[in-house]
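Shared between the two complexes below is chain A, which pairs with chain B and chain C, respectively.
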Partner chain A sequence: MAGSDISLKTSISLDSITKIYKGNTVIDHIDLDLQEGEFLSLLGPSGSGKTTILRMVAGLVTPDEGKVILRGEDISFTPPNKRNMGMVFQQYALFPHMTIQENVTYGLKARKLPKAEITERVQKYLELVDLKHLAGRRPRELSGGQQQRVSLARALAVEPVVLLFDEPLSNLDVRLKEQMLKEIRHLHRKLGFTAIYVTHDQNEALYLSDKIAVLNKGKIEQFSSPEEILKNPTSAFVADFFGYTNRIENVVLMDEQTAQIGDVKIPVGHLGIDAHPNDQGFLLLRLNAAQILDLQNQQTFMDEKEATAIRAEIRDSRYLGDETELRLHIRDGIEQEITVKLPQMLTPLPPEGMQIRFRFQAEAICFYKGDGRT
Partner chain B sequence: MNRMQRFYTMLGWIAVLYMLLMFIYPVLKVVITSVWVNGQFTFDNYKTIFSTAIYRQVLVKTLWISIVSTFITLIIGYALANFIAKRPAKKQGFWLMIVIASMFMSLTVRLFGWMIVLGEKGPIIQLFRLLFGEKQELTLMFSSVAVIIGIVHFVLPFVVLNIYTTLKKIEPSLSEASIMLGASPMRTFWKVIFPLSLPGVYAGASLAFSLAASTFLVPTILGGPKDSLMSNLAYNSTITVGNMGLGSAISFVLLIIIVAVLMGLSALERRGHHASESR
Partner chain C sequence: MLAKVGKTVTFIYVTIILLFILAPLFMILLVSFNPTNMFQFPPDTFSFQNYTQLFQDERILSSIGLSVFIGLVSTIIASFIGLFAAVGLVRGKLPGKNLLESLFLGPLIVPLVTTGIGFLLIFVPLGLAGSPTAIILAHSVVISPYIIRILIASMRQFDPVQEEAAIVHGASPLYAFATIVFPQLLPALLSGAILSFLVSLDEYTVTVFLTQAETVTLPIQIYQLVSVDINPVVTALASVMVILAFVLITILEKRLQIHKYL
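After this line comes the complex of A and B, so read on.
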């Protein structure tokens, strides 16, 4: 009974699904498995195919090849209204001619549930998103955040096997976005639904997900946990998405922990796929890749770390919230600009032209083979 | 107010002036002519209309022909508008052109076309004879049926355009939301799409009814002697008989009926609107 065991745990599987629009392969043989209760984010820039995948799961788009399997059953050709999924749209998509209550009731009536159960469920889910007091209002009388909560309640009320989110927060301002993120996470923990969440915002994906699939041109670049993706981005594309914003070209990998450019040795924390010593490649660095040694007269550090310290000049400095961002011009064997972020507010702000020394932090530096311009 | 705004305000007033001269004045003139007979104020013309059997019959006939044609046009027009709104975006303009194309030709010419189609030698009657034999009698021309067909043909583009515009304004994600909530396409149409398209239906109905009720050409060309409508009656009284007062009175009664129906329709729409705006 091993087979049925697996089907109990696996909620949804994509088996080599492919979509071709006018000769362009927009989704290229994608495989994905999602366990019951897991929260998966499909992350990628526009045009990467994330929404198309979601719509194929929903049944709004039919795959040209491959299968969508829900709890062991091939649903590739099941019409969307028979799939028992819920969907939260970017534009909320609330029915403007119905009250909030009628909106939430809609899916339950379509399922012809008994009246008592409908009433009970509508109460439950409106309460869950804290909108019971607005049940009699029309969608247009509500704020964007409230509308999206209604949309969430409406999708949850049908108790779907999978809940699909199509960039639900991209129309909200930053503060509302944070609130909604908390709310979605809270609801997911409380109700334990299985979810697929489409977004182009890596922070949303990191905040919500158990698994993240990073998409690029219709293919999955990396599919793993948020932690693994942050720590070990397998490709430059993924690294770029997750805050590895500095780039140092034309380096050679010496051994598995060191890269060299000119006379400078740079410690490397992670290697991209297929990277071996003596490979030519480039480095991607996070904003925390540099530890500043002698800012604010920390002379003692300087002496200790003399051997690995690198000299640079500050080109620009500014505050980012309660952090400080510095643009450094390295001139110590190489000429290179990098941007680094310090986790504290430096007062006063270091002046332009100030000479400093810093040390590279290996865990924030990745080496990738080639020139990354494929 | 800056110069631009003043310019637009002035244009607006010119339009108002034009309306006053070209619409309000003639209507007032009609009203006065209808109640001012031989230098005396009198309601005789109106009494004649409502007490003479033939006028009452024409009044009723005008009403039912307009209502029936409006309904038929709404059904065909809705189906057509829905069909066009669902075509790929690039092709919709083409389909709309086809619907509107008939309007490029004079209505008179188009109605002569219908005379051929509906006539004794026309394809419909030929086919009917082929199917049911020579002995079966069927006449289409010079009947109420021909008049209704003509009116439907005449007002259809207006209705299609109105409904199409509201259908296009409905977010596509709404029907997807409905489908995703488990509703069938049928349910989605009746619960979401149709209610949201009602403004276009009302606007189309208003236009269709007022065009149908006031048509003069269609019954003249396609109708028989019994199919005269209010406009024809007004024409006959004024031009053929020369009774300006009676002709004016008939015109005014027709105008009142149309205005009443339009007000009724807009009240209906407002009620629907209110239902969707407030609790």
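After this line comes the complex of A and C, so read on.
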């Protein structure tokens, strides 16, 4: 790991950068600071502007307003080949007419490094991504995962000031994705490079990043550590991205830990920004927001020893791997549906129409003001 | 049953079309071995006399030399025009790109007679009419659309993200073009060049306006051989050209896979 004196240094800063395409503001005055050695993910749906930001850092797009500052120097209009960056592309973008070795050599030759250093570095990085044995092959003879590792070696070999990733795993199948994620994290730990990683997959972002910037319509919704984002998503947009997929409407916030709908009180773990008691709003719930108390017949069900228990009827149920997903219609005056996931396989699978009782889990529930439709 | 009938119909249809296209070429080949009368079919004698005469005829040999020279030089000029035009038309951000593209392909659409007269009107005042230079320049214009078309198609298939990858990793735009784009355009460029060379070698309509006694190209020579004294040597010459064309087209298809750009 890098020493503390290095990790305090700012590597790259975006200062109010803005990009307008044909009258549409795709990037709207974004500020970001990244320290040396940090791994930043830009997370957002397509059209959120994440790739445009990455391309501005690379120099492939110039900002209409604002500055890109690299180690204290304004590089907003520096051509990409003078920025000393490395980039891993979604479609690999390998050079098909060159061998793997030539691909990795490319950036070093373009920079006119001494021959001995080129040879040494190419060997080193081919070895790091475990592709030395394929050095003489052409890209089309390699699998998708291998091609992406070549792409990674090509970017690492130039020893860039910032390593850029543009959705590098979205063309790979689940198993390969998992493997590449581990490899990227391992390489980051080992080499300590500064990275910006664009993705629409929150799990990739959570696994790899020191910091995550969640983007929506060209603006940053939240910029913080993975832990903080998971625990305390500051907006409904962020919450929705991180697995708060259920919604309960028409809720009033009673106090900082309780929301009310009809006569039912629901414990709340987190509040969105600007939420205060007596606010009208809605709840977002994770799939683990309900703790099932019993899955039994009416007799036990009538036995009221759990004051906070909520009654619901099962509308649908299915297995997801070794988990069970239930769609619940909540009774007790709420009359809304939520989906919950239980970490075990329920046998037999609870039938449709079965009555159950559950308890809300506060830490999986967020309250947000308004109707969240803006 | 029906599938079988369909297959048979297709077979007959394709055979007829092929016969229709190839018949004149076969006729020439057959007749070229008959030194006495080129209009006699089937030929009653067989000899290589036409071929031996062909390679002894000064006029024919010099016109072959001239045509090959003109073909090579104008193909090189057209390759440069084509490369710049295609890169500009596909990558450039100039207004009226589509109009420009149509203009570049103009020589393919405008009747060649018109183009020929146009060149005559330009070259006479310049004192170039009848010179090899005039023919070379005219041929460059007439054949460049073939190269431009093929290169445009190839450029459109090329993924610009490769170029971005080169530039981000430190290559100047020119270095990226030379090392990444150009090598991958090369097969298309070669295809276009071979096709253009064949067109130049074969060009009659425009050339006839610009030719003089010292600049008789091969097609003009052939026409003269037929129109003035019906010389059977011409059948041997035509056969050689047909075979040359077949060889080059086979290279285009087998080695360079030209169909990808057409």
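As a convention for this text, the second predicted complex is superposed on the first by the 355 of 374 C-alpha atoms of A that agree within 3 Å, B and C clash if a C-alpha of one lies under 4 Å from a C-alpha of the other, contacts with A are read in each partner's own complex, and residues count from 1 in each chain.
By definition in this document, contacts are C-beta pairs under 8 Å (C-beta built on N, C-alpha and C of every residue); 3 or more make two chains touch, one makes a residue touch a chain.
What you see is a predicted model; the values in this text were computed from it and never measured.
For the composite obtained by superposing both complexes on chain A, the positions of chain B and chain C are in clash.
By the touch criterion stated above, A:81 is placed in contact with chain B and with chain C alike.
Once the two complexes are overlaid on the shared chain, A:99 sits against chain B while remaining clear of chain C. In the overlay built on the shared chain, the residue A:345 is in contact with neither chain B nor chain C. Shared-chain residue A:158: touches chain B and chain C both.
Shared-chain residue A:138: touches chain B; no touch with chain C. Across the options 127-135, 163-171 or 271-279, chain B meets chain C in a clash only at 163-171, per the superposition defined above. Residues 58, 60, 79-81, 84-87, 89, 91, 93-97, 106-107, 110-111, 154-155, 158, 164 of chain A lie in contact with chain B in one complex and with chain C in the other. The part of chain B that touches chain A in the complex is made up of residues 171, 173-174, 176-185, 187, 191-192, 195-196, 275-279.
Of all residues in chain A, those touching chain B in their complex are 58, 60, 79-82, 84-87, 89-91, 93-99, 106-107, 110-111, 136-138, 154-155, 158, 164. Only residues 58-60, 79-81, 83-87, 89, 91, 93-97, 106-107, 110-111, 154-155, 158, 164 of chain A touch chain C when the two sit together in their complex. Touching chain A in their complex are the following residues of chain C: 159, 161-162, 164-173, 175, 179-180, 183-184.
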